[in-house]
Amino acid sequence: MSALSVEGLRVRFGSVEVLKSVDLAIESGEFIVLVGPSGCGKSTLLNVIAGLEQATEGRIEIGGREVTGVPPKDRDIAMVFQTYALYPAMTVRGNITFGMECRGVAKAEQQAAVARVAKLLQIEHLLDRRPAQLSGGQRQRVAMGRALVRDPVLFLFDEPLSNLDAKLRVEMRMEIKRLHQRIGTTMVYVTHDQVEAMTLATRIAVMNGGHIQQFADPQTIYDEPANLFVARFMGSPPMNALPAKLVASGSEIAAMVGPDAATAVPLPNATAAMKGWVGREVVLGIRPECITLPDGKQDTRPGPSLPATVEMIEPTGAETMALIRVGQSEVMARMRPDARPAVGSTASFAIDTAKACLFDPKTESRIA
Amino acid sequence: MSETAITMPGQARPARPVPRRSWLSEIPDLLTRIVAGVIATAAVGYVVGFTLWTVLISFTDSTLLPEYNFVGFKHYWQLLNSRIWQVAYLNLTIYGLGFILGATGVGLLLAILIDQKIRGENVLRTIYLYPMALSFVVTGTVWAWLLNPTIGVEQFVRGLGWTQFKFGWLVDRDLAIYCVVIAAIWQASGFAMALFLAGLRSLDGDLYKAAAIDGASPARMYLRIMVPAIWPIVVSVLVILLQTAIKTYDLVRALTAGGPGIATTLPTNVVYDYMFQRGLMGAGSAAAVMLLLSLLIVLLPYAIFQRLRRGKGGGHG
Amino acid sequence: LAQAPATAEPRLTVISQWSAGSEGAAMDAFGKMVTEKGVKWEHSPVSGFTTDMMNKLRADIIAGRPPAASQLKGPEIKAWSAIGATINLNDVVKATDYEKNISADLAKIHKPKGDWIALPLQIYRVNTLFASKKAMDKIGATELPKTWDEFNALSAKMAAAGITPVAHGGIGWADTMYFELALAGISADAYRKAIMELDDKSLRGPEVLAAFKQLRQLTKWMNPANAGQHWSVFLPALMKGEYGFLMMGGWASGVLKKGNFEEGKDFLCGATPNNTGKPVFDMNADGMIFWDTKNADLLAGQKATAQVAMSKEFAKAFTQINGSIPVRTDIDLSDAGFQDCQRDAAKNLSGAIAANQAIMSLGHNMAQTSPVTAALRDVLTEYVHNDKITPEEAQKRLADAADTVR
Amino acid sequence: MVEARSLSALGSRALLYAILIAFAAFYLTPLIVVILNSFRSFQEITQTSVLGFPQQFRFDNWAQAWGSYCIAGICSGIKPYMWNSLMIAIPATLISTLLGAMNGYLLSLWRFKGANLIFGIITFGVFLPAQMKLVPWAITLRNLDLSNTVTGLILIHVVQGMSFTTLFCRNYYVNVPQDLIKAAKVDGAGFLQIFRRIILPLSPPILIVTVIWQFTGIWNEFLYGITFSEGSARPVTAALMALSANIAQAREYGIESASVLIAALPTLLVYLFGGKYFVRGLTAGAVK
Amino acid sequence: MSALSVEGLRVRFGSVEVLKSVDLAIESGEFIVLVGPSGCGKSTLLNVIAGLEQATEGRIEIGGREVTGVPPKDRDIAMVFQTYALYPAMTVRGNITFGMECRGVAKAEQQAAVARVAKLLQIEHLLDRRPAQLSGGQRQRVAMGRALVRDPVLFLFDEPLSNLDAKLRVEMRMEIKRLHQRIGTTMVYVTHDQVEAMTLATRIAVMNGGHIQQFADPQTIYDEPANLFVARFMGSPPMNALPAKLVASGSEIAAMVGPDAATAVPLPNATAAMKGWVGREVVLGIRPECITLPDGKQDTRPGPSLPATVEMIEPTGAETMALIRVGQSEVMARMRPDARPAVGSTASFAIDTAKACLFDPKTESRIA
């Protein structure tokens, strides 16, 4: 069954078109993550789904029911906000029960629901505190509790973790993931943290400028980005994009990223479409983790290698990042933690081209 | 460390003089701090000094001018037992509650109504706020005209043909105090409205969305969520109105002159009456001190509440 | 602030609350006469209420630089002269026949310790009754009531004819005034004893009770809707015959004159009802006190001003403007500048002095110092506006109030 | 279903505007009454009521009130007194605002022991009734040799005003990040320099509040204005009083109305043009 | 030469001792990063060094000069604040010159200095704007500019990047690193971002509860944490800490993390100190990246392996994190991006014990 379906949605604020024909069809039980740069319309889309903003055009169905004109409270949704929007003057319990109170649910039933949710989120001991007396993570949990207690068809999350510090974010992310696995409700989740998107989503919708750029499962988004925007947006550090020229060497083709043949990166998995670009300018996309510095011991995988000057290294403990210069381009490489190429030296970097992508430099679309 | 380590500049940097300036250059700064301290002290001294002085005088038998023959609590007992003081206090209670709750209520209602994305908001806000610009004397005078049965609204309505119309609150000894309340609300409610409105506007927009999803009716949304959320502003408004209520004097003088009879006399009128009309400065001071004491009874719990709130670390606000 | 040279021209600094209207004009006339004597007249009125003027005076005394002269009246002269030094006017007064031609009671007030320190400027008859000609005509009355019984009878007729018999506003001082008129009309002696001397026995005596009863009667003839209003508000309605009587000091005739109403045609004017048989005069006399100063120019100015204030010319000029009557009893009021009402009052004054029935007004701070006045006033004004208080209860409260302030 | 909903929405919208407009009428009535009366004659008002449309617009009330009404034999209306009030209100407003800002700065950003106590005491000054302070002020002015001077009045308004201005400014400055002061200290700025260069430029919102509040308060004040001024140096409130009830006089509603309007004009204008900023700044400062 | 030396520093606020005997000796040109949890006293230490707070006890030297009683402006330091603390009413230029103005530097000299710094930071085009008109990154640059223009002996940074979003943070981090490489001034830098600490520092001081827990170069901190606190604090996800029993098997020793011998993790690099713990309870610390799932192809390094149940996996694109259960403990493993063990299955994880640490469970110190 389709939990949410959005068709031809347009939203205009005054003269600005914030959403330009958005289509989404989401199956029941999915965890959809909306990502995109600031201002691309993520919150607007969520608000329109929730009924908090009016669509200019288009059709929305929630749980198979058309909801145009249905007020938010009757849409069978729950929403968690970036700022949590906890009611400051109510206790945690009051925050959680307020919705039920408004709907006239019996007191006993309310208490039972609170107990259930509080147990689930382990906030039993906080029920009588006020939001101001809670830490960021606790507030986040309460906001979740308020949504959970509704037991809706659809959960909407608008950057629910962005106000937390890095450590807490990781924890809460896992909790949300567990929660979804447990309750199985459909979720639409906005974030601009790629890791969140990658780890939580069953499918990711990458938005930009009011359009959905790609809507696919995380692996596809990561490995086969629809265009340069998606490629650069997902992954941190982002995918390296090198201007290159496609050359054919025998049956194989290679991307020449520098002036001479020594800089040709062979592309073993070339498709027919790619072959059509031989002789033309392309953009070669390679993820940093595909560029490594073999230590000659354990890591001995064969493959093409590229000489490059090391411009800067950043050991983070768990890995070492290097900024290297390949031809005209600065490229990020992701190396083993103990790799320590000297800054300024030239080393031969191993390149795993299995997942390399080619993009049309004009349209920026991937050359499939 | 010893002398040996006097600033040896780092490898790449040229030698630089030790940037230690003479103590003389600190003087202007010191001086301004002293001046600032003196100003703050003056402000404190004024409050403490004048208050203590009044307390002192309240224990003396001063009449037209301060004198220092002490009579103990005589004035306090006499005042507490005097009819006018009892009436005045009762009036202050009625007026204070009526005015503070009225102005807050009207202010809140208007703020909430204006918050509904209405047209002409600026004009309305200005209309509601302008009475703040007027003095209580003017307010009192004009309302005295309006509420006066012989020349005001009553006469006007009768002139329109409804000859039996009556609106005699101002001259009814039981209702006149409410005229004072109405005039005071007229003057101050716009101010409350403006503060509440600004408070509502400063709230996180997501709060409205959350309430909409929870399905709260507008009334419930404002009463249960928004107003409690701007509680600090509500308290500020209450305190400002309280200070106005306690100090109200000219309004009564211009509106009812304390009458009919002594029906609308307020403690400040009594203070003024004793100090200046009757020339009983000692008794007047005692009245003023009692007024301040009653103020403390209201304010101390507020101060403690503030302290607790801050102590609990409710963050900002 | 600098000391003026001794040879400087005479000068007088004076404060009063008479800033505008007929009182302001009278003050200006006074100023002109003083100026003609070569004195520089520096009047700074403290407009508003009397207390405001007093506050100003107090502040100036505290500052150690009171004005050379200020408006002050009644027992306040004594009270205030205790806190600020005054000059001795004995020589100036003794040089004229002034003292012989004024009321002894009045004189006493202006020389509280035996020495002249202040001078009365004018006298108002507080016990003046204004009657609406139209209302009188309607019930066929031609003469003002002489006694309270007559008054009550006429009022009853008016009430029956749909006229509100008494036009009364009801600010504290006016309420007090109605009581004192009732009492003075019942017994001037009782008034003197009870109010001016605060004699407990008299306060609890039958005359005072009778006065309260008469006052209650009066309040029943008032329009309750008028509480808290200035008396002048009712003048037009009074002239139209909607009200019957107004008891108000002589100053009201000045206002009527300004409103182009004529005595005899629009209203009648005379003394308030009086059961005693002999003339009674309830006095409100404004005075001017002269404060001590080191400045020779001011001293000279004070002396010259005092001479002017005692003169017959001044008495005429001043009172013609503001509707009061001269302090001096030897002034001829036949002059066209005076109104009948003033002449009547002046005659009344001489008669009352002769009969020893010239009394001092309580409502206008002539009978008692202000603390006493205020304490009594609180009782009286409440009584007027609260008909649940019985005359007996009110009498007790009044006597008790007198106890606490005596 | 949909129609019914929109109808009820329309209805509640109409009700909303009805209430707002009713209140607007409530607030405007006194002003309109005064304006109309200022064009009516004495006779006209006393014969009907203070509510009424002028039978004929007369400007002589205005002319009299402004330029020819006699106060103490000087028939100059309230014109010269307006000037006096300005001479008192403007310096007193500016100085008390500046000192309040200084105090607020001192108390909030140079946190020292007892700052909160000092603040509490200064704030308490807001509640002192004016009557209570009249005589102490008289004594103080005498001791400073400032009796009956404009300077003395300004001093009074400055010191009394400091309670309010300090309250407003301190509550505003508490929200200024302490880091700003630290940065300036590292930069080598002194106490006054930090105030002048960094804090003051941040302050317009709250300064507007204090200026409006103080100006209105001082302009409308009359007890001190009458008591501590002399002769032709009186503030306009004193002149207004000369018009209102006197025992021996009838009220000149027309002239009174015109004078009230003239005298209230400066503060009305201040609210008309500054109201928006007033509210904005007040919320910034009052919430604490 | 010592750029900064702090000896026996104590700071007490009222009854709370915020810093408890802190010692630091910093050489000229170093880049010292202070890390530690919130409230541990980092800012306080910085403020005391700057002269903005008074020390209760102790001695501070800057550039070899005792600075007790010397006001901040005369300490020859510059400071960058978390909130930037830009003067809102001044232009960028004004912000940069304000300090010089206070010190009475000539106008021409001021302009020259501004020009130099603006060029260095590429903010020439912003000089006439006000802070409110700048983006976060630009504000950060201006704050740096204000510090740089002083040309001080010592730079103090208090979480200068924490107000920026993730992407910008990475960029600015690199910029600061380059800057330090270029100008070589000593820097003391507070953060609670481990990556910043690891990549920027020449030495890291880890603080907790008013004490410095460890002061060493990043690699040492990461590989040889002084105690469990440091071990857990540095690195994200943090080092796994497993209760274990030390057993001897022949000449080698092993840590038994489960009930039986199958869970024994051999420790090849055992020191003598470790051997003294044989038979006793210890805490075994292993970084997530040392626990991997061999794919049997390229990654074929030999080594001990441990059977564990996969509880959750989180593919982030560049790598895949797995939460696995080893005995009683939940452990994080960091795997190749394409590793996809089934949740709930048991797999054999390879453990690289070369960098494993042992901790005393009582004192939490590392067993060297």
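Letters A, B, C, D and E mark the chains as written, and numbering starts fresh at 1 in each.
Methods note: contacts are C-beta pairs under 8 Å (C-beta built on N, C-alpha and C of every residue); 3 or more make two chains touch, one makes a residue touch a chain.
As the structure is a computational prediction, the values presented were derived from the model and not from experiment.
A.B. asks: If you take the chains that touch subunit B and keep only those that also touch subunit C, what is left?
C.D. replies: Both-contact set = D.
A.B. asks: Where each step is a move between two chains that touch, what is the least number of such steps from subunit A to subunit C?
C.D. replies: Between subunit A and subunit C, the shortest chain-hopping route counts 2.
A.B. asks: Can you pull out the chain pair that has more C-beta pairs in contact than any other?
C.D. replies: B-D
A.B. asks: When the C-alpha atoms of subunit B and subunit D are each averaged to a single point, how far apart are the two points in Å?
C.D. replies: That gives a centre separation of 14 Å.
A.B. asks: Nearest whole angstrom, what separates the Cα centre of subunit A from the Cα centre of subunit B?
C.D. replies: Chain centres of subunit A and subunit B, defined by C-alpha means, are spaced 53 Å apart.
A.B. asks: For subunit C versus subunit D, what separation do you get between their C-alpha means, in angstrom?
C.D. replies: 38
A.B. asks: How many Å are there between the centre of subunit D and the centre of subunit E, using C-alpha atoms for each centre?
C.D. replies: Roughly 56 Å, centre to centre.
A.B. asks: For subunit A, give me the residues that contact two or more of the other chains.
C.D. replies: Counting only residues that touch two or more other chains, subunit A contributes none.
A.B. asks: Please output the residue numbers of subunit B that touch at least 2 other chains, ranges allowed.
C.D. replies: Residues 65, 148, 150-151, 272, 276 of subunit B touch two or more partner chains.
A.B. asks: Pull out every residue in subunit D that's touching 2 or more other chains.
C.D. replies: 46, 134-135, 139, 190, 193, 222, 241, 244
A.B. asks: Along subunit C, where are the residues that touch subunit D in the complex?
C.D. replies: Within the complex, subunit C contacts subunit D at residues 1, 17, 19-25, 27-28, 31, 42-49, 52, 55-56, 58-60, 62-65, 173, 230, 232-233, 235-236, 249, 251-252, 254-255, 258-259, 322.
A.B. asks: Could you please specify the touching residues of subunit B with respect to subunit A in the complex?
C.D. replies: Answer in residue numbers: 204, 206-207, 209-217, 220, 224-225, 228-229, 231, 312-315.
A.B. asks: Quick check on the complex: what are the subunit E residues that touch subunit A?
C.D. replies: 166-167, 170, 174, 177-178, 192-195, 198-199, 218-219, 222, 234-237, 287-289, 298-301, 312, 314-319, 321, 323, 334, 337
A.B. asks: If we count contacts the way the header does, which residues on subunit B are in touch with subunit C in the complex?
C.D. replies: Touching subunit C: residues 63-65, 78, 82-84, 148-151, 154, 168, 170-173, 176, 256-263, 272-273, 276-280 of subunit B.
A.B. asks: Over in the complex, which subunit D residues touch subunit E? Could you list them?
C.D. replies: Within the complex, subunit D contacts subunit E at residues 177, 179-180, 182-190, 193, 197-198, 201-202.
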